[in-house]
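Shared between the two complexes below is subunit A, which has subunit B as its partner in the first and subunit C in the second.
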Partner chain A sequence: MLKNNDLYSFYAIFKRDLVNIVLNPVLLISNTLFPFVLVMLLSYLTSGSYGSGGVTAYDYYAVTILIYAVLNTAMTASNSFMEKSLKTSNLRIMYAPIKLSHIYMAKIVATFIFTSVCFLGYIIFFNLVFGVNFGGENLIYVILIVLFMNLLSSVTGVFFCCVFKSEELTNKIISVVINVFAILGSLFFRLDGLGPAAERISFISPAKWAAEAIFRIIYDSDFSLFIPGILMLLMASVALLIGCKITFKVEDYVY
Partner chain B sequence: MKPLIQVKDLGKSFNGKKVLKNVSFDVYEGEILCLLGPNGAGKSTTINAMSTTLNYEAGEILYDGQLVNQQSNFFKRNLGLVPQDLAIYEDITAEKNVTFFASIYGLRGKELKEKVDQALDFVGLMDRKKNKPKNFSGGMKRRLNIACALAHNPKVMILDEPTVGIDPQSRNHILASIKRLSSMGITIIYTTHYMEEVEEISTRIIIMDHGEIIASGTKDKLKEMLQDEKIYYIDYEGDYLMEKDEFYRIEGIKEVAVNCKRMQISTLKGVENLDRIIALIMNKGLKIYNLSSSSASLEAVFLKLTGRSLRN
Partner chain C sequence: MNMINIIKNNLHRAFALRNYVALTMSITLALILGATFLTSQAQSLGRIAVIGDIGEIVHYVNQFEIHQLEEPPAMSEMVRNRYDAVLTRQQDGQFEVFTLRSGEFKALLEQFLDDPAAASGIELKTRGTATNILGFLLMYILIQGIMFMKFFSEDKENGTFKRIVTGPVGIQGYLASQFITTFLLIYLPTFTVLIFSREILKVDLGLSYLYYSWLLALIVCIAAAAAICLTAFVEKEDNAMTLAGAIIVMTSLLSGAFYTIDHNNLIIKTFNSILPQTFVGIVQGVEQELLVSSYLSEIAYLLLTTVLLFTVGLWVCRNRFNRGAY
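For the complex of A and B:
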C-alpha cells in the first residue's frame, strides 16, 4: 500500500525524470520535430503514387510514422534511465528510503506522459494543418491504440535497461528491433509489391498489426482488431513490468 | 560505549573472487572513522554493503542494534551517502539539485526550503545556488555532491573519496566541513587513499588491503607500530628500474616500495645507512632530486603492513 510519503517521493522522482527528458535536446527533437519532418519528407517524395482524391500520402505516412515514433519511445525510455550524464545521479536515488520500483516506474511514467503529449500534438497538427484523416468520430479509438502501444514501448525500453544494464547495448538492440519492425510493418514503404510471402512475413511485426488496426478503424469503421489489440498491448506491458521487478537489482548499478 | 553501527564478518565475492573477507568493525557515534586503503582494497564495497545497495554472502550489519537489510528504510533515512562519482544533475541549479534529493527523503514545504539553504550554506555554495553545476569547478561540484547528501539531516554520513581530483582550496573546505559535521554530532565514515587527509581528520582509522582489515586504531596507536623505525622518501630521475632486493642487502632496511620515481624505504632507527642508500641509487645512474624522512607516519605504517606504497 502506498503511503503519502511514498507518493510524494514517487512524484518527486517522476518530475525529475520528466524534466530530464525535456532538457535532453536529442530526446526532445526525436520526439517532436523528427516525426514531423519524416512525414513531410516521405509524403512529398511519394505524393505521385497517391491519387488526388481519397487517401493521400499524408494520410498514410502521418499514421505509419506515428506508429514508428511510438516504437521509438523505447529509446526515450532507455535514455531516461541510463543516459550517461544521468546514470550516477539516478544512482543516488537508490540510497534514499524509497520503494525500488519507484525508480523504474517513474521513468516509465515520465516517458509515457511526455511522448503521449508529443503524439497528441502530432495528431492535432496533422489533422488541422494537413487535413490528415485520423478517424473522425472514431479518433478516440485510434488514440487509445497509440497510447497503449506507447505504454508498451515505454515499459520495453526500461525493461531492456533492467536486463542489459547498459544504455549503449540497450539502444543498439532496440534500434535494430524497431527498424526491422518498421520495415516489415510497411511504415516507410509498402511491402505489398514484394509478393504474398513478404506480405505474410510482415505480420510478425507489431507495427503491421497496429497500422492494420488503425487503418481499419479510420477507413472501414472496423473495430475487430481494437479490443484484442488493446488487450495484447496491456498484457505485454504488465508482463514486462513484472520482468522489470524481477530483473531490476540495485547491485547491478552500484558496482 | 555502545557502537552505533556494527559490521560483523562481512564477506562478498565477485566472479568467484573474494573482495571482502570477514570484515568486522564498529562505528561509534560522533567519530570520524577513516577507511584507508589503495584502490581495490574493498573500501567502496564495504560502504556499498553498509548502504544496503550491495548484497553480501556472509556477515551482518547492524544500525542501532537492528539489522540494516531488514530495516533498510529506517537506516537509509538516517544515512547521507556521498558517492565517489559525482551524483548531481548538471542541467539544473544547485538549489534544485539539493531540493530534489532532499524531497525524496520526504522533506517538503518550508522545512525543505530551510534544509536546502542550510546544506548549501554549509558547503559554501549559498551564493551560487541559482547557478547550474555545469558551470562549476570540480571542487564546487564535489561540495554540491556533499550538500545533496546532507539536507535531510542524516545521523551518519558516508563519504566515498570525496576529494578525488579537486584543487587544494576545495579539498581544505571539504575537510573542514567534515570536522564541523563531526562536531555537530554526525558520525562520519570516510574512505580515502590520501594519507594526509586521514592524518588531518580521523579519530579512528581502519586500514584495508585485498578485501580485509589489516590494522585499526587511532593515529597514535597505529604509529606506535613504528616506534623503532623511520622512513626515507626519495624522489629520483632516471630510467634504471631499482630492484627491492638490492636495498635489502643494506643493514637496517625493513621495507622498500618503488612507485613512479619515488622510493619509500623503511629502516631501523639508529642504523646509519643513508649514505649507503644514496650511493646505491647514484651508482645506478639515477639522480636524486628530493629526499625527506619521517619517523612515524601512516604511510610508513601502511608500507610496514603491506610491503608496498599506498598509491602503488
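For the complex of A and C:
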C-alpha cells in the first residue's frame, strides 16, 4: 500500500536529490566553506574602518554574506536539477507513474533543507565564535527572514531551469543577476558612499531590502519590514511555483 | 594550418552562440556605463549627520557630506554605513562625536572640528574613469574567459579532444588555438563596446584607444590563460564555472578591483601583489600620467603569469592524456 503512496514516491526522489547535493563537492563547499572564508576575508580587510562604537566588521559582513549565500542557493537548486550528470536520470523518472510536480518539488525541498541547515550552522558558528550579533532574543525573526528568502531562492533556481531547460544558461544568468544585486545591496562594500544616484539605483536590489530588514530587527528591534517582507517572499515563491507548473513540460525533454 | 582549422571551427561554434555573445556585450556596456557613472559622482571622506543646529561647520567642512537631521539616525543605519558619524551639539556648544568607524576616523573628524583651517588641506583620494572601467570589467573578463572555454570542456566531454590531439596538431597546438579563440571572443566584442560607448554614446573613457588596446590585451591574455589552466584541472564545465566564479569574485574583492583598499597589513599587501589583479594598479598609474616604463616589471609579471598558467594547463592535459584520460 505504502509503495503506491504519493508521499513515498516523493520521499524516494527527495532522498536521492539530497544525497546528490551533499555528494557534489562544489555544491558542498560553496554552501559551507565559501561563505565562511568570504566573511573572514572581508572582515579582515575592512577591520580598519570599524571599532569605535562596539560594532565590528564581523557584525556587518556575517549578516551581508549570509544574504549573499542565500541568494546563491538559486545556483544550488539549478545544479541539483539539471546539472549535466544528473539531468538525464532526473528526467528519466518522468516516465514513472508519479506526479510530474514531484520531480521539481523534490529538488526545491532538498535544496531548501540542505542550505537551511548550512545557514543555521553558519549563524551558530559566527554567533559563538566571533560573537556576531544576530539579534539576541529577536534571533528567531532573523532566521525566519533568512528561511523565507532561502525558499524563494530555491524556487527561483528551479523555475529558471524549467524556463531555459538548461542548467548552464540558468546559472550564467542567475550568477550575473545575483552579483549585481549583491553589489547594489552593499553586501561587499558600501555603495551609498558612491553618491545619491548610486543609492537610488540600489533600491531595486532585493538584497538591499533584506539587509535593511535584518539590520533593523537586530539593532533597532524595528519590525516594520518584517511582515511585508515575509508576505512578499511567500507570494513570490508561490507565483514562481505556479510558473514551474506551467513551464515544466515532459515533451520538452524528450530527445 | 591545423591550428587555423580549430580556430575557424571554434569561431563557427561561437557564431552559433551569437545570442550569448550579444548578451555578454550588453553586460560589458552596462558595466562601462556603471563605472563612468560612479566615477562622475562626487566622493567624500564620509557622511556626517548633524543633530540640531548646524552652525558654521557647513562652511568649512567640504570634504565631508553633511546632513542635518532632527532625530539621531537609527543604529541600523549606522551599522549599514548610511552615516559615518553623528554630531550632537552639547550644551556648551561643542559637538559630541559618535561613530562606529575606527578611532583614526574619529580623530580625523575631531581634528576637522577643532582646527578646520589646518585640516582643509587633506585631499581626497579618487579613482579615475579608466581605472573604474577596467576595474569593473576585470572581473567580468575573467569570468568570460571561463565561459568561452566551454568549447574545450565540450571537446573533452564528447571525446573530440582526444581525436584532435592524436592528430598532427598536438595538445600544444590545440590549447594554443583555444587560447587564441578565447582571446578573440573576449577582446573584439569588448573593444567594440568601448568604441561604441565613446563614439555613439559619447562616454568619456579616460584614456585613449591606444592605451585601452594594450591594457585590455593584457588582461584578456590572463583571462584566457587562467581559463585554460582551470579547465584543464576541472573536467566538468559546471564545476569549473562555479569554482572559477568563487575564485574570481574573492580575488577581485581582495585586490581592490572595485574600490581602493587601504590596508597596511603586510600579508594582505604581499597577497595582493601576487594576484593578476595587480593590473588595476597599472591602469591607475597610467591614468595618473606616470611613465609606462615605471610599470615594466608589473607588465612583465603579468605576461609571465600568462605563460605560467598556460604551461601548467598544458602540463596537466599532457599528463592526464599520457595516463589515458579523456
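As a convention for this text, the second predicted complex is superposed on the first by the 249 of 255 C-alpha atoms of A that agree within 3 Å, B and C clash if a C-alpha of one lies under 4 Å from a C-alpha of the other, contacts with A are read in each partner's own complex, and residues count from 1 in each chain.
Throughout what follows, a contact is a pair of C-beta atoms (placed from the backbone, for glycine too) under 8 Å apart; a residue touches a chain by one contact, two chains touch by 3 or more.
Everything quoted here is computed from the prediction, not taken from an experiment.
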Combined model on subunit A where subunit B meets subunit C, clash or fit: fit
Partner chain in contact with A:L41 - subunit B first, subunit C second, else both or neither: second
Vertex subunit A; arms to subunit B and subunit C (CA centroids, nearest 10 degrees): 100
First, second, both or neither for A:P97, with subunit B first and subunit C second: first
First, second, both or neither for A:S85, with subunit B first and subunit C second: both
Which superposed partner A:E168 touches (first subunit B, second subunit C, both, neither): second
First (subunit B), second (subunit C), both or neither touched by A:V26: second
Winner by number of subunit A residues touched, once subunit B and subunit C are compared: C
Nearest-approach distance, in Å, of subunit C Cα atoms to those of subunit B in the combined model: 13
Interface residues of subunit A shared between complexes with subunit B and subunit C: 85
Of subunit B, residues touching subunit A in the complex: 14, 45, 48, 51, 53-55, 72-74, 76-77, 79, 81, 83, 85-92, 100-101, 103-106, 108, 148-149
Partner subunit C, residues of subunit A touching it in the complex: 25-27, 30, 34, 37-38, 41-42, 44-45, 48-55, 59-60, 75, 79, 83-85, 167-168, 171-172, 175-176, 179, 183, 186, 188-190, 192-198, 211-212, 215-216, 218-220, 222
Contact set on subunit A toward subunit B in their complex: 5, 8-9, 12-13, 16, 19-20, 23, 85-86, 88-89, 91-98, 250-251, 254-255
Sites on subunit C touched by subunit A in the complex: 27, 37-38, 41-44, 46-47, 74-76, 78-82, 98-106, 147, 150, 157, 236-239, 241-243, 245-246, 249-250, 253-254, 258-259, 261-263, 268
